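Take a look at the structures listed below.
In the two complexes below, chain A is the common chain; its partner is chain B in one and chain C in the other.
On to the complex of A and B.
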């Protein structure tokens, strides 16, 4: 029995079908991150878990108990909002203690709990201020304090960092991660930011248009996407996607990426059984930028490297890395190379493709072409992985 | 602003002067008819004026006559009773109606319009309508009698002790919708996430209003009270239309006092003194309010 089980949940606002049967199960202590483009229903799902929106269809189980019809205050959850939603007429201490006060916790105990939460978040010196006298980061901490102080079973965060500037956002991200590790709480967290999703989550749920696209560990969602949408949505810079023809060469299955002025043939090593059926047909190939490198920094131990000579179209240094853009199969392909590599546009150089990380998609349905065994290894990594739909 | 050099064309010079030209007549008129007459009235209140203006200086004679006048005492007492009841009832009812309308009920648009309509009527119409309605021989009481409720009696309008409350009822009826609209706008401005947070915190609806929403409406309360206070002090037409200040002097207020002393009792000096006093009270209310509002909007 999982700790939080969202079972075939639907949401309709009148005629609009916003959530179309979501299935997610997580364990105690998990950090579930919901990601997806704007309007895909992340906040709606979170509000339904909180009890702020009614569930149109389906079941919500917390700790084995059906909580569909329980009032928000009886669900033993706490929520941190994007706008922080602090009560402007109360002091910081009043804000943090309001939930306890409503639950008739005696004053002395309340003060103790407020003090403890404030220490944890390092806002003891702000307890007597009003929210208007706080900076954005401090307000964020107060909002977290208000959630922490009640020691609920489940925390819900709706884009809590999106109103902070870039530097503070990174700091708070680290802090939330530390808090999660220290307190071992269960968290459901909504974000737009897929770096936030990758760094914080123990489980990621990628959503689109009210449907769950994939649920899995950050690594599995990143390395083993279920479909083209997930592949393109996760990761920055995003995955290189290019059309290729699957053919047989000297008895082995290969992918041929051809365009007017060049051609690259890559051996197929992953999902080989499934791709047999695609022989002499076009597929969409996906390769992450870090799986295309210069030969010197290629990882030959774990990967399977195949080299090809290509022309450099553009060089983008970021300091830590050097992104090199080349043209392949009519598309721009981004490769991550060692910084300081002496490359300039127009020059030809050798690119090393790690074909063991290559994934293929059906260009029509956009679904992943994947071996049965490959899919099962992913599921056994975590038995609770439901909802592998699409 | 720099002086326009003569080398500029006619069009440019016109553009420079046109706004001043257009505004200056109204500026002169306001200067003369508003501020000029304020000064004139103030002077008259220190003069010997009776039926006609008389510019001989009389010191504070008119002022001491005003303050020893029995009717002025009644007028002040009435404005207190009227103003206090009017402001408190309007604010409380307006807030209550706004909260009820804020529950996302279906007919909200229609109801809001219905509540706002009275504000569109002039005070004279309101006063006359309520005078008919509360007149024992014409309105409510007579209707009840003709419906068979013979013992029904509601004669506050002609009862010297109660007449002032009928004015309060009519004035509240007129202004409540407007105050409700002010509160409704304030309620709509409150962050919905805050209410969700309070729900999760376990606060029942009445506590959410009491502890979280109403404290945030403080600026609306302030505006409502200032608007109502100056309406109360200016409440002249309503009383004239409804009771004419009577029965006797029972519903006299400073505005009707001033009017009757200036135009029927030929005591211009006392009337001016009472007018200046009213101006001073309104100014004491409005100026700090405007000052704080302007300072806020600037920062």
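On to the complex of A and C.
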């Protein structure tokens, strides 16, 4: 039995179907990140776990107990809100201790708990201040302190970093991750930022339009996307997507990417069985920027490198990397090359494609085309946990 | 001469004009107050000499003492002080209760929304636009049934009922922009309906509380129609007493006493404005930005 089980959960507001049967199961100590564009229903799902929104259909199980109809305060859940939601008229200590006060924890014990939480978050010197006197990052800490102090079974974070400036956001992200590792808490975290999702999560749930697109470890979601949406949403710069024709060349299956001025043929090594059925048809090919490199920095040990000569259209140095844009199949293709590579627009150079990382999608349904064996291990990270109650 | 200095000169000119107009209006508004004040400190003979605007040559507090303690209102000659306390007895509970009810209404209408909350708010709002005259007769009947006609308690009820519309409007608009996430956080923390209201919302409502108090205080204190309709004799508020004082003449009109009594009637609202006026504007603004 999994620790938190969201089982076939629906949400309707009048005629609008906001969540269309979400199934997610995580274990104790997991860091689940719900990620998706705005309006995908991720915040609604979080609010339903918190008990702030009613569940229209389906079941919510926490530690084996059905919590659908439990009042928010009785679910043993704490939440950190996007706006921090600090009580303006109370001091920091009052804010952190309010939940304990409501639960009638004796004053001495309360003070002790507040002190402990404050030490953990390094805000001891702020305990007597009012929220208005705090900076954004400090407010963020107080909001987390308010959640931590209660030692709940489950933490919910609703886009907690979106109000911070870029630098602070990265720092706080690291801190949340450290906190999670140190305390071993179970966390459900909502964000629209896929980098946050990748860096924090042990499980990522990608959502769109009220439907779960994929659930899995960050790496599996990144390397093995279920569909075109997940492939495009995760990763920055995003995955290169280009139309290709699957054909047979010298008996082997290949993908031919052609346009008026150039043509590249890449061998198919991944999902070969499934792609057999697509022979002489168009698919959407996906290849991450880091899977297209200069020949020198190509990973020939783990990958399968196929080189092609192409013209450089644009060079974008970021310091750590050099992104080189070329045109292929009528699309801009982004390649990640070693910094300092002597390239300039208009020049021709060799691009190394790691075809072992190539993924293919049905251009109509946008679903991934993949081999059966592959699919069963990758679709969901824990098929057993999901399968039990289905 | 450069273009800049022409603009500057035109600016000083319009500015001077502006201040002149403002000064005229200020004098216009302050003149009656000035006349009232100086008259109230003059002996009667001095008033009869004319020259309303002159300062008293012989300052006297006698008119104030008389107005407060011994002026005749009808047949009773004990000044306005009893009626002054009547007004206090009406204003304090009426303001507190209508304010609290309005705050509750605003809280429920924004943070505990129910089906039809807009209609309910619309109806409450509508009560702001009902003319006083329409409710006079039904209200008299209600007070009669409740056996609180001709009493300050009756007037308290009238002012509460009449005030709820405005106080609800104030608090609803204020709480409309009060973040829902705070209420949600408090719910998760285990706070109930009343705890959230008294511990989270109310302490953050000082500006709108001040607005409500000023608004209700001045309205209730200055009310004449309800006072004259529903009370008589001892239970009348000071506005009614002032009218009666001025009308019960015993030969010579004691203008100085009348003016002193009028000042007594006006002082509480003046004090409230001076103490809380700063918050009044601020509060009205904060309520109206997001409404």
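Definition applied: the second predicted complex is superposed on the first by the 378 of 390 C-alpha atoms of A that agree within 3 Å, B and C clash if a C-alpha of one lies under 4 Å from a C-alpha of the other, contacts with A are read in each partner's own complex, and residues count from 1 in each chain.
Following the convention adopted for this analysis, a residue touches a chain if its C-beta (ideal position, glycine included) is under 8 Å from a C-beta of that chain, and two chains touch if they have at least 3 such contacts.
Since the model is a prediction, treat every value here as computed from it, not as a measurement.
When the two complexes are overlaid on chain A, chain B and chain C occupy overlapping space and clash.
Look at A:98: by the touch rule set out above, it reaches both chain B and chain C.
By the document's definition of touching, neither partner reaches A:297: not chain B, not chain C. Using the contact criterion defined above for the overlaid structures, shared-chain residue A:135 touches neither chain B nor chain C, since it reaches no partner.
Shared-chain residue A:68: touches no atom of chain B or chain C.
After overlaying the two complexes on the shared chain, residue contacts for A:52 are found with chain B and with chain C alike. Residues 47, 50-52, 72-73, 77-79, 81-83, 85-89, 98-99, 102-103, 146 of chain A touch chain B in one complex and chain C in the other. Against chain A, the residues of chain B that register as touching in their complex are 191, 193-194, 196-203, 207, 211-212, 215-216.
Within the complex formed with chain C, the residues of chain A that make contact are 47, 50-52, 72-73, 77-79, 81-83, 85-89, 98-99, 102-103, 146. The residues of chain A lying in touch with chain B in their complex are 47, 50-52, 71-73, 77-79, 81-83, 85-90, 98-99, 102-103, 146. By the touch rule above, chain C contacts chain A in their complex via residues 179, 181-182, 184-191, 195, 199-200, 203-204.
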